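Below, each structure is written out as C-alpha cells.
Note that chain A is present in both complexes that follow, paired respectively with chain B and with chain C.
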Partner chain A sequence: MRLLIQFSRRFLYRHPGQLLLALTGIAAGVAVVTGVALMRDVLMQSLDAAAEALSGTDSVRIEQPGGPLDERLFAELATTSGAPDLIPVLRTRARYGDQILEWLAIDPLSLSEGGPMRLSGPATGALVGSERTAMTSQRTLERLGLEVGDRISVRAGGADIELELTAAFEQRRELDNRLIMDLANAQHLLGRQGELSWIEAPADSRDWLEAHLPEGLVMVDSQQRRDSAARLTQGMRTNLTALSLLGLAVGLFVVHAVLSFLLVQRRRQIGMARAIGVTRGQLGRLMIGETLVLAGLGALLGLVLGTWLADQLVGLVRAPAAELYGLVTTSHVMPTWPVYGLIFLLALGAATASTASVLRAALHIPPGLLSRQSDGQVTLSRPVRVVLVSSLAVAGLVAIIFSAALAWVLIGMFLLLCACALLAPTLGMMLIRAWQRFRPLSLSGRALGMLGAARQRLGPALAALSLALGLSAGIAMMVLGFRVAVDDWVERLLRADTYVTLSQGRIGPELFDELAEWPEIESLSSVRQRDLGEGVNLAAYDTPDPAWQGFEWMAGGGESAREAFLTGQGVVVSEPLARHRNLQIGENIDIPVPDQTFSAPVVGVYRDYASDRGTIAIHNSIYRELFDDPYRDSIGLYLADDIDRDALDARLAELSDAIVTTDRHEVRRQTLAVFDRTFRITWALAVLVGIIAAIALISALLALGLERGREYATLRALGLTRGGLARWVMVQTTGLAAAAAVLAVPISLMIHAVLSLAVQPRAFGWSVGFTLPIGPWLVLIPLALLAGLLAGIYPAWKIARRDPAGMLKGSS
Partner chain B sequence: MKKDALILLLIVAVLVGWLARQTISPEPETSQISLADVLGEAPEHFRQVTEPVPLEFPADHGSHPEYRSEWWYFVGNLDTADGDRLGFQYTLFRFGLDESAPRQSDWTTDELWMAHLALSDGREQRFFQTERFARGALGLAGADPERWWLRDWQVEAIPDGWALDMDAGEFALDLDLRKTRPIVFQGDQGYSRKGPEPGNASRYYSATRLAAEGRVRVDNEWRDVTGQAWLDREWGSNQLSDTLAGWDWFALQFDDGRDVMVYRLRDHDGEASRWSAGVLVESDGSHRILDFDDFSAEISRWWTDPKGVRWPLEWDLEIFPAELSIRVKPAFDAQRWYQSVPYWEGMVDITDRDSGQPLGRGYLELSGYDEPTD
Partner chain C sequence: MGTSSERVLALDDVSRRFRTGSETVGVLEGLTLSLERGQRLAIMGASGSGKTTLLHLAAGMDRPDSGRVELAGQDLASLPEPDITHLRARHVGLVFQDFNLIDSLSVRENIELPLWLNGLAIDRDRLDALVGLLGIERLMARLPESLSGGEKQRVAIARALIHQPDLLLADEPTGSLDQSTAETVLELFDRVARETGATLLMVTHNNEAARLCERTLHLRHGVLHAD
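Right, the complex of A and B next:
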C-alpha cells in the first residue's frame, strides 16, 4: 500500500495545476454553500439576536398581541414574590441614511447578574443619565464609518431624532446594527410614554409566568421566534439555498472533470500496477483515499472562504431583510460546529459520489494496459436517454404546474435542469457539427470536426457550462423582468402630486383637516400603518377617487367593493396575503383590535409588492374608530391644475418647519432603490455561480486541450505548423464555449419563466408578469466566447511547444 | 513522505484552528464599582451631614433622597434545628444620581438602587451571593418607614422589628427579626464623623441585637432557623475623604450579652485612620462610643482569593474599656463578593485570644482590598 501511496503522490506532484483546479472547484462550491448556510442562520436568528444579547439563548418573551404592553405590568410582575429577572424592552426601527438599525431601549439596571450582557458602571450611568445616549457594537460603528462620541440623526417613529454614540460593545455580534438606549430616554424621544414592546424573561421562569401573567398576554419562546423568522424569510432562504446547491453541483462537476482527466492520464500507470499484482480492492482504497484527502482539504478551504463570503452576503441581505421583513440582522455570521460539520460531510459525500464513475472506470482497467487512450466510458444508449429526458421533463413540469409548494417547484426546476443536462451534450455536438459543415475542409472546420467526435469527454463539460450560464442569465432575466413589474406598479399606485410627512413623526388630525381646506388642493389621500405581527401589515387609507384607482385589482374591487370599504363592511387585501391565507372574495378576515376582534369580508385583492407577508387595508375612518388612533403617517396631495408648486411648498413650510414634501418621482426612485438593494444578494449569487462556471469552463477546456496531446502530435507530424496547431486548439475551446452559450439561451428562458411565473408567487405571494429582457444574453454570450478564447491560449501555447515525437510515444 | 503528511496536517490544523475561532462566543462584559469612589465627593446639590440632628422614628427608617448615598444593612448568624450553621447578609443601597433634564417617561429616575443578598453555609463552606439593581421609578425600589424593597426583595416593618422576604432562586430567606434592645446611635447622637472635612460624616444608627426566627431555603429545602442579626443604617453625601482606601468593619455579638461594633478606616498605606471608631453595648442596652484610642486591631492571617487578591481574615482585637482581648476569625474563608462591588463580608467566630475559648459570633466586612497583588 505504501508503494501505492508513493505512486499516487508522485503522480499528483507532476500535475499540480490539475490538483489546484480540483481543490479550487470543491472549495468554491463548498464556499457558496457555507456562505448561504451561515447567512441563512443570521436571518433565522435575527428576530432572536437581541433577546440572546439581553437574556441569553432560550429566553421567553411576554407580549401583548396586537399592541404595545403596558409598562405597569412590568412593575407589577417584578415586585411579586419569586419574580424572575425580567428585562423591559421597547423596540423600534431606526433609519440612518439608507441603513436600517434596530433601536432597543431597555432598563440597563434590570440586566441580570448572570445574564449575557452587563454594562459597566460608567456605561450605565451614561445611558441613564444623558438623554440622547446610545450604544452599539464596535463593528457597527466601523461599518457606518462612525466613532464613539459622534452625534447622528436617525429617523424613527416617523421623526428625526438626534443621538449621541457614547460607547461601543467590543465583542457582541448579537448587538450588531442595534442601538441600545435607556428606556426612559427612548420613551421620551419617541413619544411612547408608558409603552413596552415586550418583556424578556429567562427560559426557566415559564411556570412562574404562567401562574402570574394576566389574561390576554402571550409568552413567545426563542424557538417560536426562530420559527417566526423562518416563516418570514422562507421564500428568500429557499431560493438562496437552491442557488447555493446549484453552485455546489457545478463545483462538484469541476472535481469530477479533473479526476476523470487525471484517470485518463493514469490509465497506463494503473494498468502497470494491476500487472504487478495490485488488487482492485487496493486500487479502490487508494483512489477513494485520494478523493477524500482532496475533498477534505478543498472542503476545509471552502469553509474558510465561505465564512468570509457569508459576512459579505450578510451585508447584501441586510437591506432586503430589513425592508421586506423588518428583520435587523447582525453584521457578522455566528458559525457553529454542527453547521461546519454538516457541510464538510456533505462535501465529502458528494465528492465521493461524483467520482464514482471515475472509480468504476479505473477498476475496470485490465492489468497490463499500456495505452493511455480512453476506450470509452459507460454511456446511456439513445433510447434510454430519450426516455429519461422525457420522464424528467414531464415530472418537472407536473411538479411546477400542479404543486402549490415552493419546495416542489424548486424540485421540478431541478428535474428540468437535469433533463437539460442530459440533452445538452447531444444538442451541443449537433451544433458543433453544424458549424463544421459551413467550412468542412478549412482548419477551423476540421478542428470542430475533431471536437464533435469527442462527445463522451466533452459531454459533462457542455452540460455543466450551459446550465451554469443559463442559470446566471435566467436569474438576471427574472430580476430585470420583476423590476419592470414593480416600476409599473409604483407608477400606477402613486397618483398624488406630492406626499407630506412630518420630520418629528406622525401627523396629527389638525394638519390633515387644515390641508383639506386649502383651495389649491383638490383632494387628500393618507395612510397609517400598523404591524399586526408575523410581518402582516394593517394599512388605513383615505382614498379619494384617484387614490382608489391606484389599486390594480387581481380579484374583486369595483364600485360595490369601494362602498363596502368606505363603510367598514369590507376590507381589501394584498395579493401576497390572499395567497398565503388562501383567501377568496367574500371570505371573512379577522383583525386583532385591542380587547376585541374586527371581522369583515374581503371585497378586493390588489397587486402589491411592498410586503411579502401581506397587507390588510381598511378605510381610515374605520381604523380611527377601532384603534382610537387619530394619526397618519403620510398624506398625499392631489393638486388643482396650474398650481404654483413653489408657492405651495412655501405655504406648507410656513405652516410648520417639520413638514417634509416628497414628489411622486422621488417616491418612485426610492422604491426602485429599495428594490435594487433587495436583489443585490440574488445578483451576487448569480455572479458566484457564474464564477464557478468559469472555473468549470477553464478546467474543461484545459482538459480538452491537454488531453488530446497525441492527436495534436499526429497533426504536427502531418505538417500542421505550431501557429496552426495553436489556432486549432483555440477554435476548439471557443467552439465549445459558443455551443454552451447557445444552449444556455433556452435554458435561461426556462429558468426565467419558472422563477417569475411559479417561484415568485409561491415564495413571496405575488405574481410577476412575463417579460423578455434580453440584456443578460447580450452580456453572457460574448463573455462566454471571450472566456473560451482565453482558456484556449494556455493549452495552445503549451501544446505548440511540445515535441511531437515525444507526444506520439505517449509520454505526457 | 512524512514531510508531506506533516505539511498537510499543518495546513489542516491552521484551517481548523481558524474555523474554531469563528465559533467562539465572547464572554459577558463586566465591570466593578469602587465603593470608596461612590462614597467620595458628591455633586453639590446633595445635602451634607455636618452636625448632630436628632433622629425621628419611624420617619428616619425611610429614605433620605436629599443625601447622595444610603444603606439598610442586615447581617446575622443563624442555626438550623439540626445544628447546621448559616449566615446571611441583606443590604439595600441607594445612590442619588446627578441632576438631569426632566423626561416624559415614568422610568425617569434620580436614584439607583442596589441590593446584595448572600448566604453562608457553614457546614458545606458555600457562599451564595446575588446582586440586583433597580431604578427608583415605577415602584421598582424604595424605602419608606414601613417597607424597604428592591423588586420582590422586601423588608417590612413588624411590631418591634422587621420581616425579611427574599428569593434569589438558588436560596431564599423568610425571617422575622425582632429588636431585643434599643436602637444605638453611633457617634454624636447619630452624627458619625469619618474625616476632617465638613461633610465627611454620616447619620448612623444600629440595632445591634435582633432575635432572628424563620426559615431559609437552600438546596431546594426550607429549613427552620433561629439566631441573632444586626441592622446598620447610614446615610450621607461625602462620607469618606479621598485619603481613605477602605475600611474593616466588625459587628460582634458576645455570648455574655455585650455587642461591639468597630470600624477601622484605612488610608492608602494601610494604616488606621484616626477617624476610626465604634460602640460598646452592654447587656442592659446601655452603650458607650469607642474612639480611635479605645481599641486596637492587628491582622493575624491573610487569605488570597482565587483572583489573587489578599484579604486580612483573622484579627486580634483589644477593646480596652471592655477589657476584651479577642481573636476574630472567619467561619470559613471564601465569603468574598465577586459582583459589581468587590468586598469580603462573612460570618466570624470570636474567641478569647489567650485561652481560645469561644466568646461569641459576628460579621466582618473588608473593603478596598481589590488590587491584585501581581
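Right, the complex of A and C next:
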C-alpha cells in the first residue's frame, strides 16, 4: 500500500494544475456553505447578543405582551425585599446614514458587579455625563469611520437626534452596531418617558419573579428568544441555505470533472498496476483516500474563505434583517467548532459521493490496459437514465405540489434540478450536434464536432453551467416578478396624496381632529401599529372609502366585511398571517389586549408584503377602546382637487415644526429601496454560484484540452496554426456556454415557477403572481457567451502554445 | 545537393539537443541531407536514435539548435511560426505510427481535413480515386474508433495525400500493425506513393518498409551513415 500511495502522490505532484482546480472546486463550494451558515448564526444570535453582553446568557426577560412596560413596575420590583438584580432596558432602532443600529438604553447603575459587563467609573461617567452621550464598540466606530468624541445624527422614532460618542467598548463583538445609552436620557430624547421595552433578570430568580410579578406580564428566557429569532427568520434562512447547498453541489461537479480526468490520465498506470497484482480493494482504498485528502484540504481552505465570506454576507443581510425582522446584527461572525466540523464532514461525504462513478470506472479498468482514451468508462444506460430522470421529476413535482412544508418544496426543487442535471449533457450534446450538422465544414462545425465526442468529460461541466445559469436567471425572474407585484401592491395601497408623521414619534388625537376640519382635506386615513410578539403586527386603521379600496382581497372583503370591520364585529388579516395560521373566513382570531383577550371573526384576507409574519388589522376606533391608546403613527391626507401643495405644506409646517410630510411617490421609492436591499444577498449568492460554475467550465475544458492533446497536436501537425487552434478551443468553450445558456432557459422558468408559486407562499406566506420578465435572459445569455469566450482564453492559450512535436512524440 | 527549384527538403548541418534534468543530450549532430522531387528516402535506426526528431525538424514542428532546414525552397529559420504552419499544411503530408486520426471526426472528415486547412475545394474525382486505391470507400461514414489498425493507417495515408503535398513524411507507418496487415499497408503505400509521384521521407526500423525507398540511410548516435 505504501508504494501505491507513493504512486498516487507522485502522480498528483506532476499534475499541480489539476490538483489546484480540484481544491478550488471544493474550496469554493465549501466557502459558500460556510459563509451562509455563519451568516445564519449571526441572524439567530442577533436578537440576544447585545442583551447577553449586558446581563449574561443565563437571564430571563420580563415583557408586557403587545406593548411597552411601565417603568413604575421596575421601581416596585427593585424595591421589594429579596429582589434580584434587575436591569431596565429600552430598545429601539436608529438609522445612521444607510446603517441600522440597535439603540439599547440601560440604567448603568443597575449592572451587577458579578455580571458579564460592569462599567468602570469613567465609563459610567461617560454614559451619564450629558443627555446626548452614547457608547458603542470600537469595531462599530471603525466601520462607520467615526472616532470617540464625534457627534452624530441618527434617526429614531421619526426624529433626527444628535448624539455624542463619548467612549468605545474594546473586544465586545456582541455590541457591534449597538448604541448604549443611559435609560433616562434615551427616554427623554425619544419622547418615551416612563416606558421600558423589558426588564432583564437572572434566570435563577424565576421563582421569585413568578411570586411577585403582576398578572399579564410574561417571562421569556434566552432559549425562547432564540427560538423566536429562528421562527422569524426561518424563511430567509432556509432560502439562503438552499442556495448555498446548490453552490456546494456545483462545486462538486468541478471535483467530479477533475477526478475523472485524473483517472483518464492514469488509466494506463492503473491497468499496469492491476496487471502486476494490485487488487480492486487496494485500488478502491487508494482512490477513496485520495478523494478524502483532496476534499479535506479543499474543505479546510473553504472554511477559511467561508469565514471571510460570511463577514461580507453579514454586511449584505444587515439592512434587510433590521428592516424586515427588527434584528440588528453584529458586524462580524462568531464561528463555532461544531459548525466548522459539520461542514467539513459534509464536504468529505459529498466529495466522496460525487466521485463514486469515477471510482467505479477505476475499478473496472481491466488489468494490462494500455490505452489512455476514455472508452470503457462506466455510464448509465439510456433506459436507466430515462427511469432515473422520470422518477426524480415525478418525486420532485409531488413534493412541490402536495406538501405544505417549505423543506419538502426545496427538496422537491432539488430533485427537479437533479433530473435537469442528468438530462443536461444529453440535451446539450444534441444542441451541439445540431449546430455541427448546420455548419459541418466550418471551423465551428469541426470544433463542436470534437466536443460532441467528449460527452463523458463535458457532461458535468455542461450540467453545472446550465444549472448555475438557470438558477441565476430563475432567481432574477422571481425577484423581478416579485418586485412588480410589490410595486403594484404599493401603488394600490398608497391612495393618499401625502402622508404625515411627527419627528417626535406618535401623533396625538388633537392633530388628527384638527386636520379633519381643514377644507383642503377631503378625508383622512391613519395607522397605529403595535407588536403582538413573534413578529406579528396589529395595525389600527382609519379607513375612508379610498383607503378601504386600497386593500386587495385574497378572500372575503366587500361591503359586509367593511361593516363588520368598522363596528368591531370582524377583523381583516394579511395573507401571510392567514397562511401561517391556516385561517379561514369566519374563523375567530384572538388579539391579546391588556388584562383581556379580544376575539373577532376574520372577514377578509388582504394581499400584503410588508411583513412575512403577518398583520391583524382592526378599525382605529376599536383599537382606541381596547388599548386606551389615542395615538397614531401616521396620517394619510386625501386632498380636494386643485389644492396648492406648497401652501398646504406651509400651513402644516406652521402647525408644528415636528410635522414631516412625505408624498406617496417617495413612500413608494423607499419601499422599493427596502425590497432591493432585501434581495442583494440573493443576487450575491447567485453570482457566487455562477463563479463556481465558471470554474467548472474552465476545469472541464482544461481537462478536455489535456485529454485531447494528441488530437490538437495532430491538427497542428496537419497545418492548423496556433491562432487557428486557439479559435478552435474558443469556439468549443463558447459553444458549450451557448448550449448551457439554451438549456438554462427552461431550467430558469422552472426555478422561477417553483420559487414564485411554491416557495414564496410557504416561506413567507405571500403569493406572487407568475409573470414572465425576460430581462434576465437578455442579460444572462450574452453574459454566458462572454463567460464561455473568457473561460476559453486560458485553455486556448495553454493548448495552443503546446509544442505539437513534443505531444506527438509523447504519445507514440 | 540539387538546386533549390528541384529540392523539396534540405537539412544542412542540423543539430538538436534536449535537456533531461541537468543533462543535455545531443540527439542529432551536424546532420545533412537533401531530397529532390520524386525521391524516396528511408532513414533507419534503433529506438531513441533521433528518427522522429529528424522528421519533426523536417516538418517544421521543431526547430534545430543549429543548422538550417529548407522546406519547399523556404528557409524555415527565416519564417515566423504561422508561416511555417501554413507551409507544412500546403507542402507536407504526414503519416504517423499511431495513425493520429481525430476520433470525433468521421473517416471522410479526417481525410478532408488538409483540404479544409488549406482552404481548398474538395476534388470529388481525386478523393474517390484515392479512397478507391486504398480500398476504404465503405468506411467513409464511420468513426475511427470502429476501424482496425490497418484500416486506420489506410485512412491516415489518404489524409496525408489528399492535398497532393510535395513531401510525404512517414514515421514508422507500420509500427503499430501486425506483420500481415503491415505487408498489405506497405503494398498500398508503395502503390499510392508511386501513382501520386510523392517525394517520400520515411523513418523506420522495418527493413521491408525501407525497401520501398530508393535510398536508405542509417541514423546512429545522431549521425547519418550511408552503409
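In this section, the second predicted complex is superposed on the first by the 740 of 812 C-alpha atoms of A that agree within 3 Å, B and C clash if a C-alpha of one lies under 4 Å from a C-alpha of the other, contacts with A are read in each partner's own complex, and residues count from 1 in each chain.
Going forward, a residue touches a chain if its C-beta (ideal position, glycine included) is under 8 Å from a C-beta of that chain, and two chains touch if they have at least 3 such contacts.
These numbers come from a predicted model, not from an experiment.
Enquirer: For A:E200 in the superposed arrangement: first (chain B), second (chain C), both or neither?
Expert: Neither: A:E200 stays clear of chain B and chain C.
Enquirer: Applying the document's definition of touch, where does A:D542 land relative to chain B and chain C: first, second, both, or neither?
Expert: neither
Enquirer: One more residue to check, A:T714. First (chain B), second (chain C), both or neither?
Expert: After superposing on A, A:T714 lies in contact with chain C but is clear of chain B.
Enquirer: Would you check which partner chain A:R722 touches, where first means chain B only, second means chain C only, and both and neither mean what they say?
Expert: After superposing on A, A:R722 lies in contact with chain C but is clear of chain B.
Enquirer: Counting residues of chain A in contact, which comes out ahead: chain B or chain C?
Expert: It is B that touches the greater number of chain A residues.
Enquirer: Between chain B (first) and chain C (second), which, if any, makes contact with A:F169: first, second, both or neither?
Expert: A:F169: touches chain B, not chain C.
Enquirer: Looking at A:G452 after the superposition, I want to know if it touches chain B, chain C, both of them or none. Which is it: first, second, both, neither?
Expert: After superposition on chain A, A:G452 lies in contact with chain C alone.
Enquirer: Quick check for you: in the superposed arrangement, does A:D803 touch first (chain B), second (chain C), both or neither?
Expert: Only chain C is touched by A:D803; chain B is not.
Enquirer: Inside the complex, what are the residues of chain A that reach chain B?
Expert: These residues of chain A touch chain B: 5-6, 9, 71-72, 74-75, 78-84, 107, 109-110, 112-113, 115-123, 125, 128-131, 169-173, 182-185, 187-188, 191, 193-194, 293, 296-297, 300-301, 303-304, 307, 333-337, 340.
Enquirer: Under the stated contact criterion, what part of chain C meets chain A in this complex?
Expert: 52-53, 56, 59, 61-62, 81-82, 85-86, 88-90, 92, 94, 96-98, 100-105, 109, 112-114, 116-118, 143, 145, 159, 171-172
Enquirer: Quick check: in the complex, which residue numbers of chain A touch chain C?
Expert: Listed in rising order, the residues of chain A that touch chain C are 373, 375, 440-441, 446, 449-454, 710-711, 713-724, 803-805, 808-809, 811-812.
Enquirer: For the complex, which residues does chain B have touching chain A?
Expert: Against chain A, chain B makes touches at 1, 4, 8, 11-12, 15-16, 18-19, 22-23, 25-33, 97-98, 100-101, 103-109, 112, 130-135, 137-140, 149, 151-152, 154, 165, 167, 169, 339-340.
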